[in-house]
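Labels run A, B, C and D following the written order; every chain starts at residue 1.
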Amino acid sequence: MVDLRVTVGSLTLDNPVMPASGTFADGLAQIVPFDRLGAMVTKTITAELRGGNPTPRVAELDQAMLNSIGIPSNGVAYFVQKSLPFYRRFKSPLVVSISAPSADAFAELAARMELPGIAAIEANISCPNIEESGKAFAMNPRSTDAAVQKIRNATRLPLWVKLTPNTSEVAAVARAAENAGADALVVANTILAMSIDIETFKPRLGSIMGGLSGPAIKPIVVRMTYQCAKAVSIPVIGCGGISTAEDAVEYMMAGATAVQVGTATFLRPSAMIDVIDGLAAFCDRKGIARAADLTGLVRDAEMAVDDLEAVP
Amino acid sequence: MEALLDTRSHVPSASQRTADDVTARVVAHQWVNAEYKHLVLDAPEPAPLAQAGQFFHLECPQAGEDRPFFRRPMSVYKADPGKGQVEFLYKVTGAGTRGLATLRVGDTMRILGPLGVGFTLDESWKNIVVLGRGVGLATLAPLAEMAAANGVGVTAIFSARGPEQVMSTERFAKTGARIEIVLDSDGSSAVENVERLLRRIAREGKTGAFFTCGSDRLMLLMQRLGRELGIRGEVALEQQMACGIGMCFCCVRNFRSGNEVVSRRVCWDGPVFRLDEAMSW
Amino acid sequence: MVDLRVTVGSLTLDNPVMPASGTFADGLAQIVPFDRLGAMVTKTITAELRGGNPTPRVAELDQAMLNSIGIPSNGVAYFVQKSLPFYRRFKSPLVVSISAPSADAFAELAARMELPGIAAIEANISCPNIEESGKAFAMNPRSTDAAVQKIRNATRLPLWVKLTPNTSEVAAVARAAENAGADALVVANTILAMSIDIETFKPRLGSIMGGLSGPAIKPIVVRMTYQCAKAVSIPVIGCGGISTAEDAVEYMMAGATAVQVGTATFLRPSAMIDVIDGLAAFCDRKGIARAADLTGLVRDAEMAVDDLEAVP
Amino acid sequence: MEALLDTRSHVPSASQRTADDVTARVVAHQWVNAEYKHLVLDAPEPAPLAQAGQFFHLECPQAGEDRPFFRRPMSVYKADPGKGQVEFLYKVTGAGTRGLATLRVGDTMRILGPLGVGFTLDESWKNIVVLGRGVGLATLAPLAEMAAANGVGVTAIFSARGPEQVMSTERFAKTGARIEIVLDSDGSSAVENVERLLRRIAREGKTGAFFTCGSDRLMLLMQRLGRELGIRGEVALEQQMACGIGMCFCCVRNFRSGNEVVSRRVCWDGPVFRLDEAMSW
């Protein structure tokens, strides 16, 4: 019997598989037994009420999804009254994803999360920072540091920080988050992209650009997971294009302690369960006793990453 | 920015719903006319328990160049718990439905459902009017049967481009529904004509409620007449879907709710909505 | 008859289609009539001799190629003696891609390119800058400015500057290149990525990380092309995952004046010719008289890019 | 870093080559044993003009989960300009060859070739030895036929796991070649045994030149013996390929050239190389 447990900071998860924020909600409980998940992660919530983006909000591309949902939100009060009680029924730890337009607002919202049934906070700092003309906090180490420090000081809950792939210095951002007190990193959010319908000449999304997710982005985010895991000593949670156990194994070998499944759940609602079962089967076949042993297993010892050649 | 989410919506909660993702087997799959195919599946529960107006999210096979990524939403055209079957009537349009069209008898596919909130029938109504265009009839057919089963009379108005596009008349006829056909080809489908027809039916006292699907124009007509004549109604809406179960918020549409405009998810709060709250799309 | 000509700075090309650097060489002349190409672009050359990276140098992923070829090079002297005479036989303008480890070295190499048969220089500033600990010049506006200014001062040849997609500020980099004197931009090089063979636990590339190309990257690079074209007034040449005329049209609608075809040529050697023919057919069908009219045709007028919502 | 590129290589220039990407049609496609398939194609020129040791870059169909992205290099197993045909013998290994294996008679596919530099035969040689393992025989078969056609005698040594893996013996036999079979199953394929065999053939004066393909171990053996006995030779090498026509530099291998180690492209400078310059892989 493979031991699937993994440890993310002070939390021990029954297995390394959980949903990605924004791709999970109560409706899935009809199909997936939430008690089998390593954790539950909510759609990002904001303090205030917010509408979302204009439709069309999604487009399907080849092996990828493009979305500009935005963060439509009923606000934190609604979440606490209506959604939280629902998730409290399940034994898997609940991670609440939060977002705010400034470091202070992030801290305020985080402070409101120390509630029964909330196991950890995932700070979605891939969202725009109004103090940096809308650039995501996670685009550079400085604004990452500012936001994470303030959130860290506002809560005793385990703090996961979700990075953006839309940066040229993901490892430096990862270190900044670690130094500012993050307990774990989630790598990463969607990649900014665009698609045009050449018959109608119209962008496929109502807001022109949006975030790319799904299998197509996996090699890029596996790379970032590898870079971040090398750069920090806190756990990294891999997220991007994971739809099978093999994908999860690849992320873990690259250095991830746990993984999040996003878009795949839209295509196959039971994707997370299949990943959990497949992970156990893989470890079994390979004679790996504990899923945790997969983390960082990539055989790169005799290979020097030749930075000067990495980009052709 | 779209409108704020509707926080007062009273749809069933997750715990009150019973969809599942099951493997279904094709038992029949035939062209109905040049554009539409009729798909009959053997499917385990809860699939055959689908109610009129609910839908399924279908995994569509890849076929040649067509590699549909998302699933495709399709209204249940018929659900038979006795036989353990569900049926769909769909128009071959793009990558997903082209892929769907390649399924052969004996093939299996994943279907997620039944999903969403279907039609509501008030048994106090003696008669209802269903008005559909195109594939809207597929969505309305089970409603007509449900009405008949509950002793509610049905007048069905079919709008279509031409006679070849008129489908399902036999199914409606079997329920005892009175059928009116209006066509683009002879001009009878013009809004003014359909309005005259509806007013006539209203005068006959046969408009206990209005139901519509498949045309913005006709929805607006029924809405206006409904408001004027004090007739309640429902409309089944479409919107692109990724998850089908309320998680992704891509399928929102705006609705008039009191003095506000609110945003609702077609997959979760609908696809059937109050006619008076719907907005033109 | 559709007029396929496009103008890139002082050069008029017979059509907007040309190869991407590193995916084109003399061997293709057996299959493709080079005279039909809008331009010819060489593999990047360096001043000095250089080996390449360890093998395996490529991996095939789903709808994508991962490579860490590096820039093996016989040096500029060999290029001038052996390769240049070959390309002189063809009437399509020859664009020589160059790379160097510092801004000064870039300028020196550029200065040696004013030779008969060379129509333009493509400065591959996506390559590592030894003065910035190996970060690519094109990762930030400052080092882009430094390199492009020096190259600009060293040559009178039309200067195209090739950007990297591995940056969070591609539009700012584009503006820096324009201000420093670039005549056109090529958007973009490959995206840094990684893949692990989970059976052997080994990275699929000998140098662990490499550049992702092919259809999977198209939505990301279309977005960058759009952003760059909005940011500058010099022509943008789109490059990333183009394998069909439809892809080329999408790039042009997003703002590209011309396009480069890379990986697709490996899969279908005649890809560029098919794109040229397909472009003409598309314009014909849509009643567009000149291919140049496709540039920036996307219908985005009533849509405001909501920066604050672009990344979910 | 790998070695520097070989700047002194004297292979034909681009203008001296005549590959093309043509559409070929499957005329036969059969399993030879449990692992290998034999593919016969009708193909327009220049395909059927391929020389022994040259190869093609084959577009492999997608099949189910298998979506090969790159083409796959395959040695020409036979080329017949008279019939306008080319043949391949290949082992079903991964995504590409699994896709290839689904081709049916009548299907068409794109093949790019003939590519690379094939074997050279010095007509002054009276006898040559070809030593192949596995699919290496596929590469060497046309060489044996070319030798026979030029009045050069051939001794062919086949190394294989067991008798079931031995292929193409009839084709070699038809050329009049003498055939020796060494097997893992009875231990006769051990390097020492093959060495004894080669030395015996040398003593018989039948080793005008050595040719090998398909095994690093056997290549090293021939190289060592060749050096000791002063016998020239050639080896056909494999390496992963993206473009197949010298553009991408992914298919490099290192070679000993004088006192240097240089890097050459298998697709352009080879796949056939001087035996004495090859390095273990």
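Definition applied: a residue touches a chain if its C-beta (ideal position, glycine included) is under 8 Å from a C-beta of that chain, and two chains touch if they have at least 3 such contacts.
The structure displayed is predicted, hence computed values, not measured ones.
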Which contact partners do subunit A and subunit C have in common?
-> none
If you average the CA atoms of subunit B and of subunit D, how far apart do the two points sit, in angstrom?
-> 62
Distance between the CA centroids of subunit B and subunit C (whole Å) is 49
Distance from the mean Cα position of subunit D to that of subunit C, given in whole angstrom | 36
In subunit A, the residues touching two or more other chains are 22, 52-54, 61-64, 67, 69-70, 306, 309
At least two other chains touched by the same residue of subunit D: list those residues.
-> 1
Among line, ring, star, complete and other, which best matches the way these chains touch?
-> line
What are the touching chain pairs in this one?
-> A-B, A-C, C-D
For subunit D, which residues count as touching subunit C in their complex?
-> 1-5, 7, 13-15, 17-21, 59, 67-71, 110, 112, 239-240, 242-250, 252-253, 263, 268
Residues of subunit A touching subunit B in the complex = 22-31, 43, 49-58, 60-65, 67, 69-70, 72-74, 78, 86, 214, 265-270
Touching residues (chain side subunit C, partner subunit A) in the complex | 22, 44, 52-54, 61-64, 66-71, 101, 126-128, 130, 133-136, 139-140, 164, 166-169, 189-196, 198, 200-203, 206-212, 215-217, 219-220, 222-223, 226, 246, 249-250, 253-254, 282, 297-300, 303, 305-312
